[in-house]
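Per-chain residue numbering starts at 1, and chain names A, B, C and D are given in the order in which the chains are listed.
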Amino acid sequence: MTKYSFLDDYSEGCHPHILEAMITSNFDQEKAYGQDTHSLQAKAKIKAHLKNNAASIFFVASGTLANLIIIASLLRPHEAVIAPSRGHIAGPEAGAIEALGHKILTVESPDGKLTPDQIEGVLQNHAHVPHMVKPRLIYVSNATETGRIYSKAELKALSAFCQENALLFMLDGARLGSALASHDNDVTLADLSDLTDIFWLGGTKAGALIGEAIIINNWELAEEFEIHIKQRGGLLAKSRLLGLQFNILFENDLFFEAAKFANSQAQKLSKAFLEKGYTLLSPTQANQVFPIVPNTLVARLEKDFDFYIWQSREEDQSVLRLVTAWATDPTQVEAFIQAL
Amino acid sequence: MTKYSFLDDYSEGCHPHILEAMITSNFDQEKAYGQDTHSLQAKAKIKAHLKNNAASIFFVASGTLANLIIIASLLRPHEAVIAPSRGHIAGPEAGAIEALGHKILTVESPDGKLTPDQIEGVLQNHAHVPHMVKPRLIYVSNATETGRIYSKAELKALSAFCQENALLFMLDGARLGSALASHDNDVTLADLSDLTDIFWLGGTKAGALIGEAIIINNWELAEEFEIHIKQRGGLLAKSRLLGLQFNILFENDLFFEAAKFANSQAQKLSKAFLEKGYTLLSPTQANQVFPIVPNTLVARLEKDFDFYIWQSREEDQSVLRLVTAWATDPTQVEAFIQAL
Amino acid sequence: MTKYSFLDDYSEGCHPHILEAMITSNFDQEKAYGQDTHSLQAKAKIKAHLKNNAASIFFVASGTLANLIIIASLLRPHEAVIAPSRGHIAGPEAGAIEALGHKILTVESPDGKLTPDQIEGVLQNHAHVPHMVKPRLIYVSNATETGRIYSKAELKALSAFCQENALLFMLDGARLGSALASHDNDVTLADLSDLTDIFWLGGTKAGALIGEAIIINNWELAEEFEIHIKQRGGLLAKSRLLGLQFNILFENDLFFEAAKFANSQAQKLSKAFLEKGYTLLSPTQANQVFPIVPNTLVARLEKDFDFYIWQSREEDQSVLRLVTAWATDPTQVEAFIQAL
Amino acid sequence: MTKYSFLDDYSEGCHPHILEAMITSNFDQEKAYGQDTHSLQAKAKIKAHLKNNAASIFFVASGTLANLIIIASLLRPHEAVIAPSRGHIAGPEAGAIEALGHKILTVESPDGKLTPDQIEGVLQNHAHVPHMVKPRLIYVSNATETGRIYSKAELKALSAFCQENALLFMLDGARLGSALASHDNDVTLADLSDLTDIFWLGGTKAGALIGEAIIINNWELAEEFEIHIKQRGGLLAKSRLLGLQFNILFENDLFFEAAKFANSQAQKLSKAFLEKGYTLLSPTQANQVFPIVPNTLVARLEKDFDFYIWQSREEDQSVLRLVTAWATDPTQVEAFIQAL
């Protein structure tokens, strides 16, 4: 790629510490299918953050696999998921959840976040038993697909509502690193372990080559989870590949440090747009920036940089999406700001 | 692991050439979801072996994913797969194919291979339309789960039978490297591209950390295949990881050389057993050895080596499974033969 | 039930002609699973209306079975249905289509009808291959769930759009009798056979005890359809029950006459509301009437009549749904109008 | 049909008492979807036989629907059914259970019955977690597909084994009337309610036009069962049709009397074959007779009678299947015996 890319947070390989550990351990013989020493160590490190003895941890290769395996394991055929209409499972996962047999009940939400009131509305619309599916699982993303994060109070309200209404609560953490490293954040992994039934934290966008860690906060839900992983093709023979990466990411808080760095680059971009007088689609809380700019500027920026045009707007304006990562080159951020 | 392991062909990491290429290219920005330069180069290299302009190639993370995505893409709901009862999809994939909605019609087969006669029998048992599923797809593994390989004549006969009976033909190549590198082999990748509708070749057991290459020999079957990959969670953001590994494996025939080495180690073990007067469950054609030995010997060998007890037999005998790989240490093979 | 019911069009048994034929033929021995003489005769009679030699006809027990078997037979796993958000498959079928593995892409539509423009919008939102499901099938109901009917011009426009965009077109005819018997209607069964790929016409709401007739207008789509019926539990041993009812309904146009009668009763109710100065949610085209009335009137009418409260509105108003049928008692219609 | 048919037990319509009740109640307005008075009365009558306050009853249209709805409601995606290889779900239901996503683990069984030993063997073969599906549900038919019945001791042993191994136990009663009316039978409906988790009793083969009664013996399993019925297309608007038939069948023990009559006709046929010196594939316990006869006799009998050729055997012999029913004409049984 000849231009510098702010397209996404998965354009580069992996954090160099991971490569180093792969080299060192390459010829060690390890057990397969999740029993390797790297996986066991990685799980212990993540678990130390959770403060929850009942929690179990499983690694899978992709975010869509994480979402579909979790939902396959949680729902019976007549049960449905409630998700924001922008939720990743509702769109760009190519019908993965419906392919399991489950309906997704979507709620329009400008910032991509769910509230108890919205869920309450869905419950009321599905009270006509036995003609309607039974809403059973709440799905949220943190950070959301438009870069917003949940506060602890918001998650507590959702969790309490789920408890009162016999709903399960899952959180898609493809960008959880960036969310937890946000200057606005007041949530910890221990909070998530306390407030959700299942959540997962993304390695792919946080410095790994591949891999997402699924955290089940209730041992009853975890009991036969590995059969679900195997059935959906998610159980890797060389599970050492996933385990090693999380083992490194959770050594010396690399996972959080790398996310903090990504966020700091997004803040620079965000401030530069604001200083030039442009507005943002939504405030920059994590590693995504959504400026609203004239198309003449877009054309100029596109000469040297790649980014995603999120929306076309009237009056020759566009909303851009710029994404930073653990590997973002600060000199390119400066160059972009200069080009602005 | 304190003992040396002949448990499987996925105990080590990956071929050092792969690690080197990962280091060199780590900070290159690459497109995601299969559009990276490594994947494009790897596909070109594999395609050169196929001599089939209509072929398409896709990479996925695991063998179960390869099998389930292929079958999801090929079958309509009323259609079924015919497989040997030992076929990987029929047992240790935890119901992955049935989870898609498809029945597997199994055939007892001592060597794990299918013949046109066996398939003919299944067709006759399913003629009672509309009460029975419609057999539509033939599944074989090469090498089989018990280490046997197909000759070109056998594959031609299956292919011709499929053509005459409007059946599709797929081949699971988890151990295809070892099969093609067998001293008994007369099949090429070009033959497979000619004789099957879809086959896949395994990277995980051939020196990669992860990854299987699906080869669709008919462009009509390939048209929307990537949506199936995405829907089942198989589309990696950092597809570079899969592409790079196949790009290296198909450079200078590393894929075949590594398999030849693995087979040569299996031959050494095999010959040692035969020379000591033991018999084999089946002749050693690829990288698996199935000796029948007394349990007293098993106990002795288990002191320093790990292997799988395939079957318990009467008269204090057991069938062992010993597996060699690209990474097998020849000095450990010698040590094992000494222990024998 | 002590009050007279306008709740639905399935409160009574069946047309007396059907009972008579059941008595006459009860002890005849008939073939099972669709090969009975009643079914064969009924299919011939319906086919005479279609003017399409390529058409095939199948009977199933319920509307949800009809919808789910049709969709299971038409779609591959990565393909989706486009439907109005009020469409029956999108709500009160308890997730039957998602349970097959398919996403329903819904379009907001005040009158419950779909237009090419709406479909075009969905196609544009799903162009991001391979991340999105592939829209493949258009679903409409005639009459719609709010009592509206399609004109021939509207169906032609949808059919042409489907042809141009490689989409399949299905029509749910749970209330097709009432639609075709509407004073506003200009569509025939032959038109539907010409313009759709598959449609079904409802027996349950048209004087039968049970039964819907699925009409496939293209022999290629019909080829293995009976296996799908069997697989979903829709193939009745005593298919005579379904065949006999359609055989009687299509004798001397009973199907159309009964629907005309039902519509005429709905017109009487509709006019009465209008004459009293009330407005309707939508014009009365078939056998459903949706008056908007004050809650004081609702309370008065509820003393002697049952009906469905479709919506609660502000200012103490409600939208009612009144349904008439082949069996509606005209003296009760008069009594209702008096009570008004 | 010009010949008299012993092909099956669903060649005729329904018991005349049912037709009479349909005529009498035809114009009564009834609630839909299972809330009609006929269904409520029928459930009360069946429940009186069960002696189990926790039992719930649901009616569906076909046996395949009964089996697939029950299994959909009971199993999670990683769980499988154990069934005899001759079990109806394993063959002539066109893959209905796999279409739900579940594997059927079959056991070879000459008489079509399951034993704890056979189940134990399957459990042992599926101990390799997480690579194998989890056996969770036991499926038996009574009478079996080859006309054998279970004793109370056999059912008790299965039930105890299921309890000890955390397995669920279901019984397919398509021909339960004939089983319970057998001269060999020592089982009651109350026993079945005590020993199984779910069973169903067939109306179609017992004098109804359509309909099977599902009996759930544990209220926890019944809680949301109606949503499953709706989702699979099994919830009839005019549920009165199913309710009325069971209401009549369970009035004055008509269900049992009709089955006793059917069995008595089978006994006449059975004895006639034995008296002529022919052997039977299996003893005649219910309403199916499986004589082994020379093909010359088959040709002679086929002139005036229809029956099913169950198996072709060597030495010009065939196994026939003759089925009797509530509606079998005794004079035709005599005529058949004469022809013999």
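Basically, a contact is a pair of C-beta atoms (placed from the backbone, for glycine too) under 8 Å apart; a residue touches a chain by one contact, two chains touch by 3 or more.
Since this is a predicted model, take the numbers as computed values, not measurements.
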Centroid-based (C-alpha) most distant chain relative to subunit B: C
For subunit B paired with subunit D, centre-to-centre distance based on mean C-alpha positions, whole Å: 43
Centre-of-Cα separation between subunit D and subunit C, whole angstrom: 33
Chain centre separation (subunit B, subunit C; CA means) in Å: 50
Shared interface positions of subunit B, touching two or more other chains: 77-78, 93-95, 99-101, 130-133, 227, 230-231, 235
Chain-level touch network, classified as line, ring, star, complete or other: complete
Subunit B - residues contacting subunit D, complex: 77-78, 80, 91-95, 98-103, 128, 130-133
Subunit C residues touching subunit B - in the complex, by the definition given at the top: 33, 72-73, 76-78, 100-101, 129-134, 224, 226-231, 235
Subunit A - residues contacting subunit B, complex: 1, 4-5, 7-8, 10-14, 16, 19, 22-23, 25-32, 60-69, 93-96, 99, 204-205, 209-210, 227, 230-238, 240-241, 327
